[in-house]
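Below are two complexes that have subunit A in common, paired first with subunit B and then with subunit C.
Moving on, here comes the complex of A and B:
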């Protein structure tokens, strides 16, 4: 339970970062959403053998992390969670495609090794881009933007409530565990036989609490349905961000800039 | 089971988004007709939070050295019904993708399909509900939960294999990839089935109305046309099938290809039988069997590309450092 609570705290810590006040935080959420999607599509449509072409895609996460003053370690440690499955899928390439493809000094890399590296880097970069979007855009602003894009209200309300109810669930779970430990004469965790009833009880208790919270929200005039949403102004800075962010991703995808730089380097 | 963005190509990710969007649209339309939607919403949200928390707990799978976590689709479908469960799992996957980097943003459509559409709109109406409609006894609930969880995870894992292969990010032959994915998800499915059965049994004993409301013949899927869903699935089948056939046409059969890669054109020397066997094994296990390029192709272009990449990386790092230093300098108290 402590583990779940710490993870839920970690979840809300990313939201705290979104309360910052930097240039990136003040941009229109639609611009940030569009740039993130453009970045992901361009990054993920690159060939699995083009290791060097991933390099310019480092600019976006590095520059945004620096401008928004987000701890890089926090983004990297969360992004690393995406690595195991990507590595699992890519490790086979190392053994199957063993054609030598690149020599760096005395080290020769096979095509399989390169595709594994590309997969790992793509995983890190794509996850970093999504985390950055959330770290510079408060969750309510993001969901408001989704409403303006005509996403179904029910789905958005459900996502918001699921996100908020996580804290309630953790509280209920912690209360039940404390109650169990106080009555169990030193036993820390319930026996496996009790698992079904304990978990079921947690679920039903949480349902009751969720209903009470929901009624409280309704008493404050909240109701499910289309709402009037004010749109923040789209400024010149949003245009610049959109053109620079999405345009650079498209340029990096379309042209092999690294090849050009390498060929024309004065050395 | 959560697929990362790196495992999918943009076209496959887009196709899966379209398929999941169709299914979600149908689910929203379906559930909006419910008269007591307001009462169901907190249950859906809390069930979603519960599955979210349950997915954080990884259990080890004995004898494999790996671990798994609950999918939660069948539990949600058992508690809420097919369409509400699909919306709930979509909400869970969205929050996980945005805040936990668990599953990618571009892969969200694929994840909703594998972990939501399959258990909630295929397995629940076709397996779970028909069995329980004959009478929700404890034994039947256990049997149904385990069967439905295993089938939904097997289908989900199969879709992961198809989507990854269509994206061309792994060179594992289809059969080998399948033989790695299916058994591991069989074990996970069994555990998920037991957990689902244990929770649903408790709910049935304490609040039976929660379960029986969803398995009555009047509920959702019978009252709404399945035509749009069938069309969406047919389009997806054509897209996936087309992608697979492209893949099949550009590469030889997996087994032939693997044999060709391992043995190549090198003839094994006919010396001592033990040494020959050992050399063959060594060669098959070596990551780089020939320490040189085949006829020296493509070295120059790749080397310039790498030099360019190195320069770009250094430049990006420098810019990042410079911005951070500048911000620190500006925010430092003025003397």
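Moving on, here comes the complex of A and C:
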């Protein structure tokens, strides 16, 4: 059962990195949130056919991972979870659009294949950027900044609760699976008939557990809309990070950096 | 001081969990709440801080429980849950202990002061940046107590505090509770623990008052304990 337990731990391990003390960790959460928003908007609004234009967007996650001393594998392995969804969304392009678009050596890539690659890379990069944000900023501080940006309180509370509920659900699921495996005579997963009732039980048990956690939160004076965390002061470093971070994303979006380099490079 | 008068708690399905209970706990007194499973111990604790609705009158440190003062009541009376995992839900123990003071609107410097003070009081300062997922049962229990002490309550309401503890952690908890000056209501099945920590105990049976008296006498009274569905200390 160690695999399930370790997955539960892994679920929140990124968040524990947020307690670090690097330059990136010390920056104002609002600055980091705005830079991530700018990065996502610029990245996701790129044309699906421009593979080369994604290259400059690699800088942000690579530089941030290095500065914040976060294991790159930790980010990549979690970001890779989004890949199947991106591939599923873009796989039809490969069959629909077969126009040759790029030749690399002897290999010709069709426009559909390029759009699939762009979708996959965009998914990988955007999820990495969000994971990086969570890894360098404590989650409560992030949601506090969403409050400052006037995001509806109910949405913020739902985000906070869902995030915690995932762990509760996984833990209850692990307990049920342990009980099942101990009496299943070698069978690792419940068969379809049992799966239905176990899923129902899991839902009820996790509701019960979530209710107890909610009671514990209430006992410590939590209310919808109550401001929880005081923000650190906004420093000159935060301005620099915001201008450099958001500015570079906007520049990469606005100008074709790779083409400019190709045109002006003296080779 | 905690005063409860004719307190009744009824579930939505009309089950009466607590039936016209009256009791008084003096300042600094540690009262053990004893009863068989389903006697209403946990329900009573949750209802005293307004988590479960009840009728009658509950007064905690001079404040009578009503909808308008629920935050003050929950500041005055801290609840320690049976399962510490229910109480520890944030990434680090520091965040968990800081959760209550932050909700009270304290500035970050006061929060830090209060959290570190409580962690040192309970000898768990080294757990500050650890996640509850990686703590032992005893460490989790101490962290859960720290989360409540950080609210600076006058009264502590505990539901099965010795659950999930090994003998050594249980001994540490007994020593800690004996040193804390708070008024305490402790629901427990651990009668030996109750006899060591509490001077008085109250027995609930089917949500009703059954008996009340000094722990050193009542918990050893085989006839009364048997009638309440319990087993006396031999």
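The rule is simple: the second predicted complex is superposed on the first by the 182 of 267 C-alpha atoms of A that agree within 3 Å, B and C clash if a C-alpha of one lies under 4 Å from a C-alpha of the other, contacts with A are read in each partner's own complex, and residues count from 1 in each chain.
The rule we apply is simple: contacts are C-beta pairs under 8 Å (C-beta built on N, C-alpha and C of every residue); 3 or more make two chains touch, one makes a residue touch a chain.
Computed from a prediction, not measured in an experiment: that's the story for all the values here.
Colleague: Hey, is it subunit B or subunit C that touches more of subunit A?
Modeller: B
Colleague: Which of the two partners, first being subunit B and second being subunit C, lies in contact with A:219: first, second, both, or neither?
Modeller: After superposing on A, A:219 lies in contact with subunit C but is clear of subunit B.
Colleague: Is A:188 in contact with subunit B, with subunit C, with both, or with neither (first, second, both, neither)?
Modeller: It touches nothing on subunit B or subunit C.
Colleague: Could you say whether A:169 touches subunit B, subunit C, both of them, or neither, answering first, second, both or neither?
Modeller: first
Colleague: By the touch definition at the top of the document, which applies to A:18: first (subunit B), second (subunit C), both, or neither?
Modeller: In the superposed model, A:18 contacts subunit C only, not subunit B.
Colleague: Considering only touches as defined above, state whether A:196 meets subunit B (first), subunit C (second), both or neither.
Modeller: The first partner, subunit B, only.
Colleague: Contacts for A:254 in the overlay, against subunit B (first) and subunit C (second): which applies, first, second, both or neither?
Modeller: neither
Colleague: Once the two structures are fitted together, what part of subunit A is touched by subunit B and by subunit C alike?
Modeller: In subunit A, positions 8, 15, 164, 209, 213, 218, 223 sit in both the subunit B and subunit C interfaces.
Colleague: Once bound in the complex, which stretches of subunit A touch subunit C?
Modeller: Against subunit C, the touching part of subunit A is residues 8-9, 12, 15-16, 18-19, 138-140, 164, 167, 171, 209, 212-213, 215-223, 226-230, 232.
Colleague: Report the residues of subunit A in contact with subunit B in the complex, numbered from low to high.
Modeller: Contacts found on subunit A: 3-4, 7-8, 11, 14-15, 36-37, 40-41, 43-45, 48, 50-56, 58-59, 62-63, 65-67, 69, 78-79, 81-82, 85-86, 89-90, 92-104, 108, 110, 112-113, 115, 119-120, 122-123, 126-127, 129-131, 133-134, 142, 152, 154-155, 157-159, 161-166, 168-170, 173, 195-197, 199-204, 206-207, 209-211, 213-214, 218, 223-224, 256-263, 265.
Colleague: For the complex, which residues does subunit B have touching subunit A?
Modeller: Per the stated touch rule, the residues are 2-11, 13, 24-25, 28, 31-32, 37-39, 41-50, 52-53, 56-57, 87-88, 90-92, 94-95, 97-102, 104-106, 164, 168-172, 176-177, 195, 197-199, 201-203, 206-207, 258, 261, 286-294, 298-299, 301-313, 316-317, 319-321, 323-324, 327.
Colleague: Along subunit C, where are the residues that touch subunit A in the complex?
Modeller: Contacts found on subunit C: 46, 49, 51, 71, 74-75, 78-79, 81, 83, 85-87, 89-92, 94-95, 99-100, 102-105, 107-108, 129, 131, 133-134, 147-148, 151.
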